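Please find one structure pasted underneath; my questions will follow.
Labels run A, B, C and D following the written order; every chain starts at residue 1.
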Amino acid sequence: MANIKLENLTKRFGENTVVDRVNIEIPNGTLVSILGPSGCGKTTLLRMIAGFETPDEGSIFFDQDSVVNVPANKRNIGMVFQSYALFPHMTVEENVAYGLQQRKLSKEEIDARVKQVIDTVHMKEFQKRKPKQLSGGQQQRVALARALAISPRLLLLDECLSALDKKLRVEMQTELRKILEESKVTTFFVTHDQEEAMTLSDFIVVMNKGIIEQMGTPLEVYEKPKNKFVASFLGKANFFQSEDGTSFAVRPEKIHLSAEEQAGARQEGVITFITYSGNITSYTIECDGEAVLCEKQNVQIRENLKKGQKVFLRWDKDSEIELADE
Amino acid sequence: MKIKTLLSLFLVVILVFALAACGGQTAEEEGTDEPATLTVVNWKDYGSDNADFVAAFEAENNCKIVHVYMSSEEELLTKLKTAKDGDIDVCLPNCTILPSAINDGLLLELDTTKLTNFDSLYDRFKVQEESFKDGKMYSVPWVWGSTAIAYNTDEIAAPPSSVSILFDPEYAGKIAIRDDFNDAVMLAAIVLGQDPNNPSDLDAIKAKLIEQKPLNKTYWKTGDEFSKLFAGNQVAVGLMWSGQAAFMKQDGQPIGFVVPEDGAIGWVDTWGIAKGSQNPDLAYKFIDAVISEEFQYDWASTGGPAPVNKDAGEQIDPVYAASCGMDEESLNRLYFMQYRTDDVKKAWNELWTEVKAN
Amino acid sequence: MRKYFTDQLIPTVYALMALAFLYTPIIVLMVMGFNESRYNTLPFSFSLEWYSALAKNEVLINAAINSFVLALITALICVVLATMFVLGMKTLSRSMEGLFRSLIMMPMSIPWLILALSMLLFIRFLDLDKNMFFVVAGHVVISLPYAMLSLQARIQALDPALEEMSASLGASALSTFRRITVPALAPAIVAGGFLAFMISFDNFAISYFLIPAGTSTLPIEIQSSIKFGFTPEINAISTVIIGVSLLCLAIVGLIMGSSIENMIGGKKK
Amino acid sequence: MKKKKKLLTFPSIIVLTVFAILPLIIMLVYSFQSDSGSSGVTLENYTNFFLKSVYLKLTYRTIINSLAVTIISLIISYPLAYFMAKKFKGLKNIVMILILIPFFTNQLVRVYSWLIFLQDGGVLNSFLQSVGLIEGSLGILFTQGAVVIGLVHAFFPYMVITIYLALERVDNSLLEASSSLGASKVRTFFQVVLPLSMPGVVTGIMIVFVPCLGTFVEPRILGGVNGTVIGTVIEDQFFEIYGWNFGAAIAFVLFAMVIISMTGLSRIGRRYDNE
């Protein structure tokens, strides 16, 4: 476990700068999500931390030690890939023991540690199986167990849940969080799924086109996105121009709708589309040719708003998110 | 690092082989006290590699004989031309390539006084034309033979009197001549009445061979092929070497061999000493041994080709000699293959290729 | 029923037919080794004379042993070279990769006779002696494409994440190579080695032109015999070789069967 | 790291360069020299080849033969490789070994065994006569058919291996996915399996077609009076007459044809190679 510090980390592939002067400092034991669309450089960033890519500029510190010149196999990092990369010719046990064997531990120590980690991920009854005899979720657990077994200073998870189906993914998210909290290992979690990022992490780094757009706690990033990209990539947002020409965003759930004109109404428009999805209902309202999205908790069954109806939109000044100029 | 390890592994492997290779050589070089090695280039299973003979010669001369096999006459030239000094001691060129080898300086001039058995040779082989250049002798004839008609005595009762039997539609599909431009051209020349060694009309020869082509079961390339096809009753009559026909006859095959009245192809194999031989004295002893009466008689009477040693020849049963074309009469009917220039060979080869491609 | 038909019966029958075709000349040559006739003629009459002749034929047996050793060395070198090549090949640019690959494959497209003569000329050009090193080098050159073929197919199926994962778990490059890459490539390495072995074992031209005097291989002995005809001793030794190799493979299969099966079976999900 | 890995390709490349390319350059020089011994550069060997109809005719015959061998090999190999990769489970290793074992015998000996087997009055002929399929002689030996049989026998196992290796990489889940999408087995085969195995097929075609062009043993022995092909012409140039210059020139013409056909084929292969 360690503090991780990235300084001015830069990586170019030919003409392309895929990671551009990235600075991040993470305290010990934090779970950080790196969030961004595909191609934003998040995987490259992760691979530099892991030691599979050499940065063109900048440094990586684990505590006080610069690791840029340390090869991957000396960094003591646990990794879980999207494809899991389980060794197909080894059993679950052997996969988990692999990293420990590299550390020249005694057989007893290895066996004890393997048993412990396999228990943690609830894979005891499958320990003699080969990867191809396991389901996707089970393989995922083995991959995680293998990464945790070596008590890494840092755990890197690369889109590791995205191959699972939705239900399993949600289950695994919770379980992963629990396991990681128990093991208190500093974790980088790369994902393009904002919901997953928010569920899992203490800290979110939003990347786009090789640079960090914003970082902060999930709350900060969601409630106070710095710009249009962050606002729209994390959750949904409606964008407006104020009279002085600055732009701001409003989250759909922060917009109140009413059929009657009220004081403080900011916009008016016509409902063009209604989606009912159990806990919430979303309305698409056309205001001056712009579509505005608005979501209501279904606290009580309401019905009064209909498609084609004219409505008035209102929100608190606090809900307006000032956006930096693009 | 993986790469370094692999690279060094590779280097080690290479080094080991280099060392092993050098080791092999140094062992040879160090072995000056060891018996000298005599390297002989010959056909496989062609007399000189007879195990008993080799063992006796090695014991008598405290040496070791190593045989290197040739796969064609021209290839022997390749071997001689690409050899380093000492690679080859004695070799067996026949008369068609002998002058090439002599002209290119690949053979040593011979001193026949060093050959105790030379005087026993038939006179005609003492003055074999191709062995000489500017009056100097470069090779000693060893055996001679004919490429003539071999026929199945069960199917053809009387010995054919002419090579034209190979052009006879009566035997269509049962004939096999050899896939060899020299034999083919000479054969057609004999039938057409041209001089087989200096044919006057190659176009006629080509036409004759094309006419003959469909009569063949196949053109045989190796003696093995012919003997199997003959024994399997696929071929009833064809061109064959006298030696092999004799051997097959002794092995119980219903094979007859005849040099017909209009003649056939004759050849002479000769021994030469390679330029650069490190053991010329031993080479002389070797040649002397294989032209000895004893060697020549033993081989010729057990299915080998005809001897050049007169004493050996006279001991052979005349009936047997006649049955495999070793007799005087056959000898006189033969057109012995002569040296051909590269241009002639090329033209004949191309002619034969055209026949085969037709 | 229909499934049995398409999944079992047709494939089995088809494979048996293909094998029957493949083994036709092999069975003929085996049978003829027990036939009394020197010229392989029918009717068949059982005899062991060619086997007893073979037992005394030291030249032929030594040549076969030479061929075996030569092929084994060639196969080992080819496997090492080909494995290194395919591992390195992934890092090449596409055009370089194409160039290198066609270079490796080139010996397949030049008649070996010409390759062998070229090497002979080359050795003479450098004023070197014929020796076993050049014979091995020549055999490696012609056998390498075959080893490469089977390895190329496998390396493309090898997930690069496996090697990275191994490194992240603390394995040194060598350890990763030994414990991850080699097992993943093992079936292809075995198959490639086998192919290279076969090509070398049966090669005539390279050996013939490059081998130093006094050494021989089985193909050289056979090719040289053919001028006047080889005896069924050749059939006998071929039969012995096939028998021995089947026996070896059966033993290897019995001992390692399960682990080979695991290595091969472990690949797919 | 990447740079270092590149070095791994070097040993092979060095071996090939030293022991194949450099020697072949000597041979290439030969092909541009006149056999009359003058040392000047000449194209006469090449013009001789292209101007004489006999060589073009033999080249044509060789190509047709090689194509026939390749196609028949493909017809035999593909289903066999497919069954091995997709239908046989434990058996496939045994089948693979059985396919390779015959190659422990000498090529010449195998060809002579075909000669014994195919000849009139031989094993096949007697068998077919006794079951009443034919009367009289079979007459297949010493035809182009016999050459093709011998060559297919010599080369098709390599094709089985390359196709098998390609098919083994085709994930079975893709087949399931395809049939779950409603595709029939035939459709799945032609739209999924075949395209994905194309790289193996292309390699297989090369590995059969290319050596076929230069071969001389099978045509010479099994082809009878019409067994002359371009390979035997080359062989004759080196073994029967001292025609190295012309022989080398033919070999390089052949090589050029191989390069052209391989480039074309690998284009096709690349189209299917999605990795």
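Here is the rule we go by: a residue touches a chain if its C-beta (ideal position, glycine included) is under 8 Å from a C-beta of that chain, and two chains touch if they have at least 3 such contacts.
This structure is a prediction, so every number in the text was calculated from the model and none was measured.
Any chain touching subunit B that also touches subunit D appears here: C. Distances between chain centres, each the mean of the C-alpha atoms, put A farthest from subunit D. For the interfaces A-C and C-D, the C-beta contact count is higher for C-D.
The geometric centre of subunit A is 54 Å away from that of subunit D, both derived from CA atoms. For the pair subunit A and subunit B, the distance between C-alpha centroids works out to 85 Å. In whole angstrom, the spacing between the mean C-alpha positions of subunit A and subunit C is 52. The distance from the centre of subunit C to the centre of subunit D, with each centre set as the mean of the Cα atoms, comes to 16 Å. Among the residues of subunit D, those touching two or more other chains are numbered 5, 7-8, 11, 112, 116, 121-122, 238. Within subunit B, the positions touching two or more other chains are listed as 1, 3, 6, 10, 71, 78, 224-225, 228, 232. Across the assembly, subunit A contributes no residue that touches 2 or more other chains. Chain pairs that touch, as defined above: A-C, B-C, B-D, C-D. Within the complex formed with subunit B, the residues of subunit D that make contact are 4-5, 7-8, 11, 35, 52, 54, 57-58, 61, 112, 115-116, 119-122, 142, 220-221, 224-228, 233, 236-243.
Contact residues of subunit B toward subunit D in the complex are 1, 3, 6-7, 10, 71-72, 74-75, 77-78, 100, 179-181, 213-214, 216-219, 221, 224-225, 228-229, 232-234, 342, 345-346, 349-350, 353-354, 356-357.
Residue ranges of subunit A in contact with subunit C, taken from their complex: 50-52, 71-79, 81, 83, 85, 87-89, 98-99, 102-103, 130-132, 146-147, 150, 156. Listed in rising order, the residues of subunit D touching subunit C in the complex are 2-3, 5-13, 15-24, 26-27, 76, 79-80, 83-84, 87-88, 90, 93, 95-114, 116-117, 121-123, 126, 153, 157-158, 161-162, 165-166, 168-169, 171-173, 199-200, 203, 206-207, 210-211, 213-216, 231, 234-235, 238, 244, 247-248, 251, 254-255, 258-259, 262, 266, 275. Here subunit C touches subunit A in the complex through residues 159, 161-162, 164-173, 175-176, 179-180, 183-184, 262-263, 265-269, going by the rule given at the top.
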